[in-house]
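Below, subunit A partners subunit B and then partners subunit C, in two separate complexes.
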Partner chain A sequence: MLMWEQIRANKRNSILLLVLMAAVLSFIGWIIGMAFVSDPMAGTLGIVIAIGLWIIMVIVSFAGGDQIFLAASKAVPVTKNVHPQLFNVVEEMAIAAQLPMPKVYIIVDPAPNAFATGRSPQTASIAVTAGLLGRLNRDELQGVVAHEMSHILHRDILFVTLAGVMLGTITLISHVFLRGMFYSSMGSGRRYSSRSNSGGGQAQLVLMIIALIAAILAPLMATLLYFALSRRREYLADAGGARLTRYPEGLASALEKISQNTKPLAVANKVTAPMYIANPLQEEGMKLSDMTSTHPPISERIKVLRAMAGASFADYSNAFRKATNHSTPIPASALKSDEAVDIRQAGEKKAVDVKRQSRDVGDIMWRTNGYHFLTCACGLKMKIPPNFKSDKVKCPRCGRISAVQS
Partner chain B sequence: MDCPLCKNPMVVLELDCVETDYCTDCGGIWLDAGELEMLFADSAQAGELVSSFKPAEGIAEKPCRCPICLKKMQKIIASSGDKPVIIDRCPKEHGLWFDRGELSQILAKGTFDKERKVIKLLTEMFNQNGNEENNGN
Partner chain C sequence: MGALIVVLVIVVVLAGFIIGLYNTLVRLRNQVANAWSQIDVQLKRRHDLIPNLIETAKGYMVHERETLEAVTNARAQAMGAKNVAESAKSEGLLGQALSKFLLTVEAYPDLKANQNFLALQEELSSTENKIAFARQAYNDQVLFFNNKIQMFPSNIVAGMFNFTKSDFFEIEDAAERDVPKVSF
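Right, the complex of A and B next:
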């Protein structure tokens, strides 16, 4: 059960993006070349250099774009024993989606969120924050993982990774030149300076032109990216997630919990924000549900999921029309070949203890950072750092000596 | 996190959902600001307690650095009387550092909190440690 239209659209958009990027870079290269020497040869040289840069960028984004995002988000690859349930759920959803098992990462941050990246299902990764793991029960975690698995299934990850690298490059160029302009204008702006001459003025003009182009392009690219990602992509992943789990309420209540969070995700930035399941950037103290720019309003996503009568795409489509009065985001081909899917029973519910919960989040962070857990016979829990010097530790409570496994 | 005195990695202890960092070499204890907040979760005591601390002037004790921000910590008088106990507090309020035995001295004086909730928990956590010191004295 694949959304072929969505997959095709993503591949087409990826190619379009690459072409657009090549055109933009060539244009910038040409301007720089012409600005320094007014000779058509210089302009051509500028284009050649720009294309070289473009080739490097393409190689980088295909070879390691996902790795850059994982590293920028401070995601740590984890083994099964750090969080067996997470692995279990990812395995389950990979089988349900008929995809290879993606690599699993944990982001050591108490804000609940998740994202998927990679250029193909074979190289895909799913990253979740410690805060997410601490707050969600199994059904909710499954909902989130299924949403991310749908992004992999729909090849959203390829486009997002490419777009992210491109946007990152543009932002970088814009920063470099804006700063260059700032400093050079400081230098010659000094009154009574005898050093200002026509040569300096020309260089400054060039910097200014480039800076202006980059300054106009950067937000434009960002907006483009946001539009491309936008609501439809998220709605489709929600529909896919509900279908994979056969339990829309899991994702709905996970989104509800995520939207109640008021702490921004420290490791997220403007470039990576569209990748997450819910917008990670917000004003301090502002609820996630208030943000609407890159993601559809969470309240609306929850409303649609809760209105579903079954778990098929047709059910999502009907619920969407009922809840939002907009036309369905599900492509016609997916609806045509769709079969009925019943909603399954809820799994067992975990009792919620706020203190225990925040301690669980902390424990996941300790484990991710390589801490080893020991419980003394007297009941005191000891968390041993990975670089602990001794191989024995004495319990400060009862005096028993325990061996430290390394 | 490393011990502010011996610079060795500290062990994290957990009892009843409260964590402390403990140096197995020097016996010092680090109480994180977040943990203090959790200890006093249902009362405004945390603020009261911290504001009741007075900075200690002219103390010869060597200053040590906050294990979180590495800023030099302030010396604070945590309990007055005939034998004042001087503890270290991070200037950015990341937490409190108790040298070996200081915590049990403060706990013994009972000035730490009125409901004795914190005393009970911390005495429980460092039970034998406190006894040892009492025996030593």
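Right, the complex of A and C next:
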């Protein structure tokens, strides 16, 4: 109770990063304004437009941002019968965190990943990919869900949304400017050059070049700041997840499995990437490992989790110092008010069967899309589409008629 | 006149202080009650699941009547518990009986392949987890509330309005605490 509140309040470093991003946003607005008309008024107007755009986008994202985000990620809301275990695990973590039950979504994608969204715990949602559900055992799934639940508990989502929208605005402005420049110089190059030759053309050209460079660099800088911000929150969510489950190994081995994946998540993009538990964007054939920058290196996260002697924040902090030689990401106030927490024992371990796994992933995808399964007496498993009208179905192998319950 | 105002100010400040402490205590007591109801929901769910589970297992486990009966009896006893301490004790025994039952299940591959049984087993193990997590949350709340009642100055207000300490939901038996290791 008290401890979570302190973690929530302790956002000094995150706010600093947000302010820096706002500075980048203002600068890009100012320099583009100046590039068009070399007048301080134009620069100011540029800043106003850039900040105004950000505010509008923040309002939009607060009004329906989680819905937009879920839709952009092609997440489908599911009921308990689609995947009872996922529902149970989310419910367990909601109880442990003493939060209301979030809405549950499945992303129809074979790449393993997960994210949480929603401005407040009351409107929170947790989404996991079908690939994640197929690959992880119960303890590992619990670890991932606990990590996401910690994001909700720490109110990270609100913060990441503010920063994410700012990154989006910077990227958008730069993109529009660069595109505009590209096409105007291609289409009507003569008119453009004749204008820059007129009075004060030299200074204008310099400003234009600075603006072009800024438009290329600003998104990169904003991305770096955004990633720095999200990395801190990731470590903290790992610590929170370990404490909620009292089983750091679950999350560690889940991260290990996620990092072995070589397929990028098709529905993720640069802005949404930091929302996921592990960076969803890596190039084909490359391992999702230490190359990532949205998230702390996965191997380091695993190393810290595996070095934990207990499951409390103090244990995470000690393990962090030992494994990375960096200063701890856990606020001192949380360390002081937390009591010792023992690690619980492992649940049952299933042997890994790759063939079965990929079949499971496929089944989860079908089920998420509203199909349900019917096993004929001859053993054939039939997929019944959601718009199937008849109440009987004939088995294509043995010809037996089975009743369809809807 | 001046002295009267000073006294009045002291009385008002003191009254405000007592009201504040009183409200804190009431809020904490309600949080304890709420945390308990969370456990209670899960315990009921556990009690509801057991008959189905036993019914499904019965057909396969003909030679395990004793184990099945132990679970059924423990359940009946747990359902009759009247207070937190009693409930903690009988639920602990039920947990033991259940884990023994689930160990025995390992010897019956047919039962383990039964879809219905698998679904029930997932529900049961999830309910066990929920009980454990709800218990943790409840005990945290109780600790916080009991501390408030015993510590100065809230202990004075607690004494005045008769706030009593809440019981922890502790599982007595050490064997229950560590889940039996299942190897495959």
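Operating definition for what follows: the second predicted complex is superposed on the first by the 300 of 406 C-alpha atoms of A that agree within 3 Å, B and C clash if a C-alpha of one lies under 4 Å from a C-alpha of the other, contacts with A are read in each partner's own complex, and residues count from 1 in each chain.
The rule we apply is simple: a residue touches a chain if its C-beta (ideal position, glycine included) is under 8 Å from a C-beta of that chain, and two chains touch if they have at least 3 such contacts.
Because the structure is a prediction, the values reported are computed rather than measured.
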First, second, both or neither for A:L380, with subunit B first and subunit C second: first
First, second, both or neither for A:P84, with subunit B first and subunit C second: second
Which of subunit B and subunit C A:Y371 touches, first, second, both or neither: first
Touching partner for A:V393 - first (subunit B), second (subunit C), both, neither: first
Subunit A positions touched by subunit B in one structure and by subunit C in the second: none
In the complex, subunit C residues that touch subunit A: 35, 38, 42, 119, 122-123, 125-126, 129-130, 133-134, 136-137, 140-141, 144, 178-179, 181-182, 184
Partner subunit A, residues of subunit B touching it in the complex: 1, 8-15, 17, 19, 22, 24, 27, 38, 41, 124-129
Interfacial residue positions of subunit A with respect to subunit C in the complex: 1-2, 84-85, 88-89, 91-93, 95-96, 98, 138, 142, 244, 344-345, 347-349, 351
Contact set on subunit A toward subunit B in their complex: 355-356, 358-359, 362, 366, 371, 379-385, 387-390, 393-399
